[in-house]
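Each chain carries a letter (A, B, C and D) given by its place in the written order, and its residues are counted from 1.
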Amino acid sequence: MPKDASFSKLVMGLIGPGLLPRLWGQKLNAAQNDPIKLSHMLLTTRGEVSGTAIADHILTLLEGLSNAKLLAFFAALRDDFEVDQEAVQAALDRVKINDPKGLQALQMAAEPPRQELFRRLNAAPGGTGRLVALRCKLLKALRDDPSLSPIDFDLRHLLRSWFNRGFLMPARIDWNTPAAILEKIIAYEAVHAIDTWDELRTRLAPQDRRCFAFFHPAMPNEPLIFVEVALTQGVTGNIQEILKPARSALAAEAADTAIFYSISNCQAGLAGVSFGAFLIKQVAADLKAELPGLKTFCTLSPVPGLARWAKSQGYLPEGKRPAPETLSSLAADYLVNAKDSAGRPLDPVARFHLGNGAELHRINLDADSSAKGETQSLGVMVNYLYDLDTVEARHEAFAASGTLAVARAIRSQSARAKPHKPEPRTQPE
Amino acid sequence: MPKDASFSKLVMGLIGPGLLPRLWGQKLNAAQNDPIKLSHMLLTTRGEVSGTAIADHILTLLEGLSNAKLLAFFAALRDDFEVDQEAVQAALDRVKINDPKGLQALQMAAEPPRQELFRRLNAAPGGTGRLVALRCKLLKALRDDPSLSPIDFDLRHLLRSWFNRGFLMPARIDWNTPAAILEKIIAYEAVHAIDTWDELRTRLAPQDRRCFAFFHPAMPNEPLIFVEVALTQGVTGNIQEILKPARSALAAEAADTAIFYSISNCQAGLAGVSFGAFLIKQVAADLKAELPGLKTFCTLSPVPGLARWAKSQGYLPEGKRPAPETLSSLAADYLVNAKDSAGRPLDPVARFHLGNGAELHRINLDADSSAKGETQSLGVMVNYLYDLDTVEARHEAFAASGTLAVARAIRSQSARAKPHKPEPRTQPE
Amino acid sequence: MPKDASFSKLVMGLIGPGLLPRLWGQKLNAAQNDPIKLSHMLLTTRGEVSGTAIADHILTLLEGLSNAKLLAFFAALRDDFEVDQEAVQAALDRVKINDPKGLQALQMAAEPPRQELFRRLNAAPGGTGRLVALRCKLLKALRDDPSLSPIDFDLRHLLRSWFNRGFLMPARIDWNTPAAILEKIIAYEAVHAIDTWDELRTRLAPQDRRCFAFFHPAMPNEPLIFVEVALTQGVTGNIQEILKPARSALAAEAADTAIFYSISNCQAGLAGVSFGAFLIKQVAADLKAELPGLKTFCTLSPVPGLARWAKSQGYLPEGKRPAPETLSSLAADYLVNAKDSAGRPLDPVARFHLGNGAELHRINLDADSSAKGETQSLGVMVNYLYDLDTVEARHEAFAASGTLAVARAIRSQSARAKPHKPEPRTQPE
Amino acid sequence: MPKDASFSKLVMGLIGPGLLPRLWGQKLNAAQNDPIKLSHMLLTTRGEVSGTAIADHILTLLEGLSNAKLLAFFAALRDDFEVDQEAVQAALDRVKINDPKGLQALQMAAEPPRQELFRRLNAAPGGTGRLVALRCKLLKALRDDPSLSPIDFDLRHLLRSWFNRGFLMPARIDWNTPAAILEKIIAYEAVHAIDTWDELRTRLAPQDRRCFAFFHPAMPNEPLIFVEVALTQGVTGNIQEILKPARSALAAEAADTAIFYSISNCQAGLAGVSFGAFLIKQVAADLKAELPGLKTFCTLSPVPGLARWAKSQGYLPEGKRPAPETLSSLAADYLVNAKDSAGRPLDPVARFHLGNGAELHRINLDADSSAKGETQSLGVMVNYLYDLDTVEARHEAFAASGTLAVARAIRSQSARAKPHKPEPRTQPE
């Protein structure tokens, strides 16, 4: 049996494009270019062959739809495949009179039929990846039309179950990885762009560089998320140091520190199905097992909201970068004290790592001289420390009470009087 | 990263048995041998490391529980992790006043918390397989205590989603398959027992024998179901013919018929999550692609309920097997006309294949001389024909209206006057 | 056991750099930077561990030698590891008096000790590849000093035995091949240079493009030779047509012709150990098995000696390219009639393909507009046809009597009166 | 390209049985069932396709020959494919007058044509394994007809080059190994027979048992040699202890000793191409790298010549086994002092391990209660110690001067007065 044989690919190869008409006759002919009618049929068909074939046909139709028609399909998903309230009420009434099958009836009634529809679409060849791609379009549509959110609620629910941690497959990405996967690493790198294959090589081939990704068995050629790691002696605070093309590589065994300098989600359609914290902790544990000399695991991360925040607070009167002392205080203040409406760190990267239970460990000035680094982060980068012994307790503390793990020096810096603002407003006259 | 590295195995290797106490302190110490308390904790913990560790700990505890204690755990699952009816009512009230988040609240309220518990247990090392094993025990407990059925309803729901057709991996089993998997084929063969490795070899190694299985990526060493196939010239009606040890094998290219002579489910814990029909159809399609000379795909199947039914109808007065003519009519009558309370074929094997859309093709007498074959099937075996062109339509017809696909000759035989019973009751004297 | 564990790598990792001194004491210390003395020792040592360690040490020394010192080593190989003529004479004398062991003694005496030395060096980690690299340096040295040829005679003899056709492993190269191998394809492409990874992609990823290589099990990451193939409808005569980046790919099943448009040897150190003819024939047979629709197998090849030859014959008076008619005749004349001193075709590419038994099938003008194509081949390219039914007989005919297989049209063109030369000499008066 | 596609299999599949006649016409027809004539043709053909086809045809013919006809073929190999003495003399004469090509001519003249014949046969599908099988028959023939030894001299020479240490692939054999290979382990185990698959399982599956083999890339499904290892605490001196079916396995990390308790050569056709010492040393090094807790590497070996020798020396007057004290002295005396005509240890197992540089470490009485153990070894087994630090020096010492490494206690025991013989002859009366 060919390794990646998919049933439906085979079936369709054998039986050909005439399958559906033959199987379904006039009913299908009438529906054949209408994904909504086909979806109703898919929910009632009982055949393995025809079910797979219809699922494939629906996904193919959806992939070719114009935006307007896709929105109409989403609207139908929202309205025609929704829970039947009366059925829920009836089931609840059965529960109340202690009907033994009442609770199950309730559960079934409360699950919108589109969930089962998604499950059946998943049987199409490449179904999982195609559903993830469909959700990507759904998320775009959602921005303009929040009423579609129930569809996403269901799809995300399923994807969370299917992309359960128990199903993720970790894999090392290196210079022996197939090019078809490597080109996706180039495409998906979101933090420090990779411009050429030569640059990619400098991140993967040297023995003091590592890259790890999660894959899902149903999407074996698509990385879900990946993290790039530099093995160093001591904590590095400058990204150009790490990325410079001409270096002599360190022997992996000589390293005492692993720097996670880039972490990128690959699948926009999996937003909200998070793997990042898990990947970092897994990689840290794996590296520790392979290289017992590693003592410190930390990130080298941007502070992407710093410039905007500083400006909004009036700290950058003429767009000029403040003096080092001041900038350092500003960054500490921002990272520790600036909060979003939910009381979490305002900076998204800080929110992610501190939320994972990492410690805000060190603030580095002049750490990223790239245009993006200057514009967004004022050149500042931060090391967040993942200490395997404390990361979980801190993660719980953050979740329970919003407590941040902050190195003493940064804590005291952030607690000091606010940096003196240049008082731009005092000169109205 | 080692290929089958599981995060938790690594984490636990690194951090050791002291992890849980360190992470959770007194709270965990108090709970540490109580799977119910631990399950509550697992539902509230947010840590990846601790969550995985607790899930593993719970499963390990459950695997060691006495039967009585396991029943107590199941009872708690049923009662303490059930839907909160009031919450459902409250959510339904929100729906009725068109609260936009009402339907989602309803869905969440209608899902018993044990579903999320099972999802989290799945993250333990080998979690999926361990949950399947747990369900096996649950099904046994259910026989004595039907009140546990809501737990099974939830677990089956999850397993059906996780073992979605899109996730199954077909694989050929042959003499190059690892012994660790082959010994499971020996253990799980349910139709025609395999007594020795030499016997196994005669079913796998010759070029006119094939075996295919489904695997799931989260249980890579456990076949879920497998089917054994003989490639022949013409339809064979006798199982000893197929199983005889000393044969000269046919060149695979010379075969025109594929006989599915044994199909075995391997995981009792996956009862009700069916793959059989799908496997047969996939294998038929794959074989057809590999060997275009194959024209006929059919089974050689026992009629396990025949003897019992014939006795119950008074056709076997002294336990004697009737004359060939009579037996043939009896079998046709039984297979076509004997129905269960739901109106489906009484014979379980007939129910399975006719339900899949296969045709009752040929009845063979003196077809199985084994003790089991004699006792249960009176030596009769049946060929069910899988015709790729019609199987789906017949499957639908069966499901919609109970229509059976029966070869003309058998149909007419079964329609004839009942075989003359030896009138056992007329001789009381 | 790790898959690519090499004994010596392990041994040296375990026992460390102190191994050799400990094993060999003063004798080795004295020799330790002298590859010649070490080579003598290697021939006498009997230990597996020490033999491997010394072999590795010698190769490492040689890899670091200056050119002058390497030449001295080669000189020693030639003189000190040569056959002992007196021993040969003595053995021959034994043969003559019918000493039963005489012939074996003769064989042993006639084999220079450096052959055994090379065999023992091969046991070092990566030994085979390192010997191939050493031969590469030897071939360079040979150009200046033909007296080194006996060394090459021995080394080539061994490599021919080790790279016996029975040991070559064919492999498809595509976009799923590890980048570490693909970068070698880029580096080694000798006919139509590959400038970027994007260009490489256009040669590997589309379904109407194929690439195949031979590997040797002892050099699993090093292609030995590779061929690039375009699947087309009809014979294509223009290389830019094939290489153009934006094309819509043909379905592989729709192709009737396979064009071998580039074939490159990768290992200069394997010069004279030829695989090319074998690879083309194997690929043709494999493609035919996979795609029965393929009817024609031919190359699209440059005529690299055409311009030089035409100039030397006075056909290109002012470096101007002749009119199409004339050029076509010129090319036919050159390919069919111009011979080297051994009577074989003067053009090296023609010599290779006609020698393999291919037919000179079609001459294409304006077929390669690249600078190299213009300068060397005057824009001409040739299709050589590999007809599986006749290729072997023609191969034998070529070898036996120099007979060339030439398409009728070209044959008659080449037989016609020579193209009229512009008679540059006729105006002296 | 299918993974194990062999060119010739493909070619023959495509072109069919008519290939040879078509390629070679009458000449081949005349020769077609005569392996000798075909061998002459193979040496002169130049075609890749036809060469491979003829090689396959010759091997197929040879595999079907009666014994008498095979002997005739061997005789022809000996006589018709032998060195031409006159050519050797002529070449030698060229050498003497300093003809620069003289030495190469000499080498070529001194190599019997059958060597090139074997090389060409190797290109047939599965050629290497088939040549090994052919040599197996040759070795049998040699016992009756020593005049065939020159053929074996050539074949062994080639096999030694092809099975060079640099080409051997180590692999772990365990319960995940394909059954097709495991059944060969059962078949080839030469020391302690494996009767059933269950017994095999007890040697492979427990975590304190290991098995390693060497493979050659050209015979990927045929182990060449394998060694079975028990991981223990302390040196074990009793084989039933190791082989007993019901044991609780030791955690591999808890072991301090690796006992090599069985080593079996699999290919009789590779006699004289030895891998044993190399395998033991490689496995010791690999195990040490994986399990740093291992401190001692030794064998548990039979003393297969002990009973015969003791009888021949008159120590076993009535076939009775002597008292423990006496037996121990006898064994020490035998192992240390009994020598073959070449002055090496008389016992073949002692010769092998002491020759490898191992130390005669401990003599165990009542160590093997099997019938074979009693009959051959009088129940005695020996531990030979492989000390990585000294094994090589001892190996050299053995080779240079026959020095044996013997533990002090055994040395002194063997040096003491001979055990008192029961003087059976002194009581004639």
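We adopt the following convention: a residue touches a chain if its C-beta (ideal position, glycine included) is under 8 Å from a C-beta of that chain, and two chains touch if they have at least 3 such contacts.
Only a predicted model underlies this, so the values are computations on that prediction, with no experimental measurement involved.
Using mean Cα coordinates as chain centres, the one most removed from chain B is C. The mean-CA centres of chain B and chain D are about 49 angstrom from one another, to the nearest whole unit.
Here the CA centre of chain C is 36 Å from the CA centre of chain D. Note: centroid distance chain A to chain D, computed from Cα atoms, is 57 Å. In chain D, no residue touches two or more other chains. Remark: the chains found to touch one another pair up as A-B, A-C, B-D, C-D.
Those residues of chain C that touch chain D in the shared complex are 1-2, 5, 7, 10-11, 13-15, 22-23, 45-50, 52, 82-83, 85, 88-89, 92, 95-96, 100, 103-104, 106-107, 109-112, 119, 122-124, 127-128, 150, 153, 158, 161-162, 164-167, 169-172, 212, 217-218, 277-278, 281-282, 285-286, 288-289, 357, 388-389, 391-393, 395-396, 399.
If you check the complex, the residues on chain C that touch chain A are 175-180, 182-183, 196-197, 201, 204-205.
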